[in-house]
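Should a chain be cited, it is by its letter among A, B, C and D, assigned in written order, with residues numbered from 1 in that chain.
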Amino acid sequence: MRALYTALFLTAAVVACKKTDNKESGKESGKPDPASGTSGTSGTSGTKQLTVGFAQVGAESAWRTAETGSIRAEAEKRKVNLKFSDAQGKQENQITAVRGFIAQGVDAIILAPVVETGWEPVLLEAKQAKIPVVLVDRGIKTSDETLYATLIASDFVAEGKMAAEWMAKKLNGKAAVVELQGTPGSAPAIDRKKGFEEGIKANPNMKIIASQSGDFRRSNGKEVMEALLKKHGKEITAVYAHNDDMALGAIQAIEESGAKPGTDVIVVSVDGVKDAFTAMVEGKLSASVECNPLLGPMAFDAVEKAVAGQTLPKRQVVEDKLFDTTNAKDVIATRQY
Amino acid sequence: MSTTRPDPLHPDPLHKLRAYFAGFPLLWPLVGLAALLLFNVVYHPGFLALEVRDGHLYGTPVDLLHQGAKGILLAIGMTLVIASGGIDLSVGSVMALAGAAAALLAKRADLPLVAVIVLPLLLAAIAGLWNGLLVTRIGIQPIIATLVLMTSGRGLAMLLTGGQNPAFDRSGFIFLGNGHLLGLPFTIYLVAAALTTAGLLLRRTALGLFLESTGDNERASRASGVDARLVKTAVYVVSGVCAGLAGLVATSNIKQADPIRTGEMMELDAIFAVVVGGTALTGGRFTLAGSVVGALLIQTLTQTMFYLGVPPPIAPVPKAIIVLAVCLLQSAGFRRDVVGLVKRPIRR
Amino acid sequence: MSRLSFAATAVVLVLLFGTASWLYPGFLSARVIANLFGDNAALGIAAIGMTFVILSGGIDLSVGAVLAFTSTLVALLVTRHAVPPLLAIALGLAIGAAFGAVMGAMIHRYELPPFLVTLAGMFFARGMAFVLSLESLGISHPFYRSAATFGIPLSAKATLNAPALIFLVLFAAASCLLHATRFGRDVYAVGGHEPSARLLGVAVGKTKIAVYALSGTCSALAGVVATLRMGSGNPAQGTGFELDAIACVVIGGTLLSGGVGSLAGTLNGVLIFGTIQIALVFDGRLNSWWARIVVGALLLLFIVFQKLLARAASRRA
Amino acid sequence: MTRVLLELRDIVKTFGSVKALDRASLTLRAGEIHALMGENGAGKSTLIKVLTGVHAPDAGTIVLDGKPIAPRSPREAEQAGISTVYQEVNLIPTLSIADNLLLGRQPTRLGWIRRRELVRRAEAAVARLGLEIDVTRAVGACPLAIQQMVAIARALDIRARVLVLDEPTSSLDEREVASLFELLRRLRAEGLAIVLVTHFLDQVYAVSDRITVLRNGAFVGEHETSELPRRRLIEAMLGRDFGDEADARPAAAAAATGKRLLEARGIGRRGLLSPIDLALSEGEIVGLAGLLGAGRTETARLLFGLEAADSGAITIGGQAAVLRSPRDAMGKGLAFCSEDRRAEGILPHLSVRENLILAMQAGRGPWRLLPRREQDALVDHYIRALGIKAPSPEAPIHTLSGGNQQKVLLARALATQPKILLLDEPTRGIDVGAKLEIERLVRSLRERGMSVLFISSDLDELVRTCGRVAVLRDRRKVGELAGDDVRPDKILSVIAHEHDAA
């Protein structure tokens, strides 16, 4: 039984080798391969249909969903054959997905890395297969910049700074801040913390009295905030959350504690999702630094350039704006996510 | 009538101890809870402080009950399943499933609140029934039978919501997880209600006896005319409903569904709560009170972590240690060894 | 009966793979097969250890956590403390073995349910992984750079990478251990009927402890493989991993009651699991939650199938 | 006489408070078959387990070939040349016969098992017993008799000098027993010392050379089998001259008086019991005799709906009854005490009270819980009526002695106020005192017009208790004795031989 089955597998392998070999050789010669439905890597202009793999982290937050939506929509618009893979927040799965894309011979890969490290081997593989990789919304740590074509993302440090400066202005340089961090070790968590700390350096009277991870989750944000409210009570004058979901959770906790978010306690967060705008209009959330998830257009511009063999700037920063109770009303109607 | 004469048949050293444990199984969980609370009070004198803020009783103790509600609800169902000699790994996924369903229903203003609450619970009950039938009719070991739903349940939940986290604004439903009644969070009443119902059903009827007998020796129970299969199926349904309720609370609490995270790892917490509470995984004797204490113990642990500023991912370590400690204390073998160490010198 | 259920899994695997190859151009390629082994090496290695545990009538829920712990430990030692990789790896494996042995000892000595002990073990190991480091640590070391590129070419474009090779070698070794040594027979005996095994002179305690130690080592090795695959150690990885491993073992036709099953079956299980995942990537339209649903459904399918087989067998006897 | 090969002297072993062995002794000579006799709980099994290293004795010595030994595990005992076949066949059902035969002793080269050699040796081992079987088959798939043989083959495969057989015949039929004895005689000739533990007197007299009797864990005496009349043996085992009570039949003997309560026509189930007829009348105690595995337990289980009959019909109190589950049977006024107290009787961790009321409460259904006061009253009543010795009604039943557990189970059945009581080996494994009490109780039940089906392996007990005795062999009914025919020898002859079946 076992022998039979191993034999079967080997034959499969052998057959496969042949098949892929001549296919891939065909690929080298640049003529389109109908079998794989992909165009040769030489497809310069968008005339021939591109196949692009998108390795997404997951669907853990509204922001994430907006990003996915944007990229899918853009692919639709540009008639790109998009291979989408959702890794349910697991790096292992993302790597499997990327290797799958490579095996499939896609023309380019868009990757939203869930963590900063651990990508070199798989990106090396992509490089060897001559498949350009466009990183979106989070960077990676690597000694070899040639592993990816470009990184399209907001500057998380700048976001943190912006939040800090706005808060300083609002509370004229005096605040006892509770910081709700994102998932420990994730790039946005690290950088938004860094940026915020830099931002408040100027004002000695602004202190972070507690800094806890809420894991980017609304429920955790709420629970942590409740605990901290018990611990520090009225002392707290401001909350800085690494994303809107946690901020919204915190706001609930503050309300339950009998205080008024927005007046008794200033709440500032990052991302600027729709719920956040609603909260700002209600005056509960004081400000939110927009971190634009609509990366579709930029991403596919980059993909097409990369496929065409042009070299791109390693870093393309997405411009972020800060919204607060004053201007939220005017733009809320136009928010897509 | 229940005169405790010295047992002529078993005057072995451990008998007294064992009798004591039988008499008061809550001992160790309570000790653990007390110790933990004490520790907190020492570190933060305000830990147990209570005050009234705009008409609500407010303070960590209230949070413990409010946040612990989900855990307690799960523990109730899990206690019954474990008492029947089984285990239910699917409760976390069922929470997510019910939560997702509720959120979607809550978004539709045309549906009456009753539907928003009842339909998801029905769904959860069906999930439980499914588990029960796999165990009793097809005869699959509970771990695996419920593993099936554990793996696929979340998938179904995400299927329902299309991978989104639908938010809703349905005051009635939101009240379930955030509202207050007579100054106390509504969840506390919910738990109290669930507990009393369970307590009455199990101790004021023969159901408790049948459950314990089934868990202790299924064949013997069957030979004595107990419908063991029915009992076993029923406990999984109950567990499902409890999980569903917990899912509703969780969802209502954050005003949005979260198929991926709702009830993540909660099944394990629930099992811990039950075991720490003094109900043996081997089935038979069970104690609801113990499980409640166990659930509170675990919730207190979580709160302590927040207070100490320990990053959440590290929280499992003390959890594991406490659980193992309690289990060892309950293990006859361990106590034999300990007693052995104590007795050796005295032995002639 | 085990033969039959094994045949069934083999058939399902071939069907799955066949359908995928037919649906998705380029699926039936050496590269995909190489990936199948490479991407599921960690899972496969853990599943091998799990097979021994389940055959002995136990269960080990700590594999995912031990994997995370080991990978983080190795990364930490190599990057922060400049420990030579091989030494760090050896240390990691040793700790994994010791951890498993301790759990086994508790299970045996104090008659605690394996489910519970390993559950606690899982919480403990997971927590400790984060104690070592809250964030994923990249390993930049020549050894790892060469390991990343090392591999045996199957064809122009496909190579069996280091993880895949480790997996295959371990699989061969484990098969010999299980099917051709006294220890292997003892494992089956203990799982088949423990009291009898004891009376037949099997050192039940030793066997059990050894089995958990073995599983611990496998999990640790899986962690090492993860570091090779990603060139980093991530304390957050491998959540829910134990359940995948159990699923693979069960799908592979090993009975949870113990005493019946084979490693070849487990290999089937792992490959089925992996094929589903890659197929989903190739399709690129289906959402990932289908993976969970399909795996759950398959799990059910196989358990029910085995039940029916068992009933048929008992009728014959 | 041949030299002494093995001697156990003054062995003492206590479990917690229970003194299982109190200066028990056994002397074995090479080339003899030595029967170790005693009532249940006399300490036979414990002594065996001490000999084979399962239990370590608290005191006493074991001398093999003049050298004192102290085996600490079955393996060590085996290495010393003492191997054992236990009562319940101890093999791994999921492993092949070959694997079972050589588990832990597999022929290996550099640690690798030599498969071919393994099979060869296994085949040789079973061939020695004149068996022709495929040694690669899984043991679980073989019939019990074969498993028994495999177990013996395993015991012999190691150059055993002492072979211990604990209840080897309990699951074998005549032919198998015969061939087993044939084998034993052959092994005796080879100079092996064989210890035979069994309940079946006729088998003892058929095959053994010498008998050692234990009682309450103590050595009573050793005799040449040929010089020890059965009656003396039984008295030695029971430790008292029970003549008066043993032969007291008249009261019970009174044949059926009242009207038919239960009538089973041709009930059976393939592979379990070939169709039999059985009738029970008011105030009648009907015995079921036969060797273990003769179909007695199966009969009771069919009557109580624990197994579904696939043939025949049952009428209770005149009207047809379909018994698909114990619940159905209880609804029809039946009650049942299983032979297997552990597996199918007690709820070990629940209290005496809960154990006692369970069946009755099950009858009442879940919603009408018997008020606690009434429960206590009921429990109190039965504790007194049956003389149950328990520290308290709330004590977990597993803390009670076997006899008292059995009484609680009886009480459980009685509490349902049954019209028909099915008792399967109600006196197995309990001390003589309790045994006689239970017999007395059963007799008193019949005075109250209850009808009882009484299953027992102890012929004298059947004689003492039953008015009528149905005899089963090989899963079919082979005869029925009534009135003065109800005598041990008669029953035995029906069990033993085809022809004079009544």
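Definition applied: a residue touches a chain if its C-beta (ideal position, glycine included) is under 8 Å from a C-beta of that chain, and two chains touch if they have at least 3 such contacts.
Because the structure is a prediction, the values reported are computed rather than measured.
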Those chains which touch subunit D and also touch subunit A: B, C
Mutual neighbours - chains that touch subunit B and subunit D alike: C
Most extensive contact between chains (C-beta pair count): A-C
Between subunit A and subunit B, centroid-to-centroid distance (C-alpha), Å: 36
Mean-CA-position distance for subunit C and subunit A (Å): 31
Averaged-CA centre spacing for the pair subunit D and subunit C, given as whole angstrom: 46
Sites on subunit A at which at least two other chains make contact: 58, 86, 88, 184
For subunit B, residues contacting two or more additional chains: 158, 163, 311, 313
Residue list for subunit D, restricted to those that touch at least two other chains: none
Touching pairs among all chains present in the structure: A-B, A-C, B-C, B-D, C-D
Contact set on subunit A toward subunit C in their complex: 1-2, 5, 8-9, 12-13, 15-17, 19-21, 23-25, 35-37, 53, 58, 82-88, 90-93, 95-97, 99-105, 115-122, 124, 129, 141-143, 184-186, 190
Partner subunit B, residues of subunit D touching it in the complex: 16-18, 304, 306, 325-327, 330, 336, 338, 343-350, 354, 357-359, 361-370, 376, 380, 389, 391-396, 399-401, 404, 412, 416
Subunit B - residues contacting subunit A, complex: 44, 46-47, 49, 53-54, 56, 58-60, 63, 67, 158, 163-165, 167, 178, 250, 253-256, 258, 260-261, 302-303, 306-307, 309, 311-313
Touching residues (chain side subunit C, partner subunit A) in the complex: 3, 6-7, 10, 14, 17, 24-26, 28-33, 35, 38-39, 42, 130, 133-138, 140, 145, 148-149, 154-158, 226, 228-232, 234, 236-239, 264, 268, 277-278, 280-285, 287-289
In the complex, subunit B residues that touch subunit D: 1-12, 15, 22, 204-207, 209-210, 212-213, 216-217, 219-227, 284-285
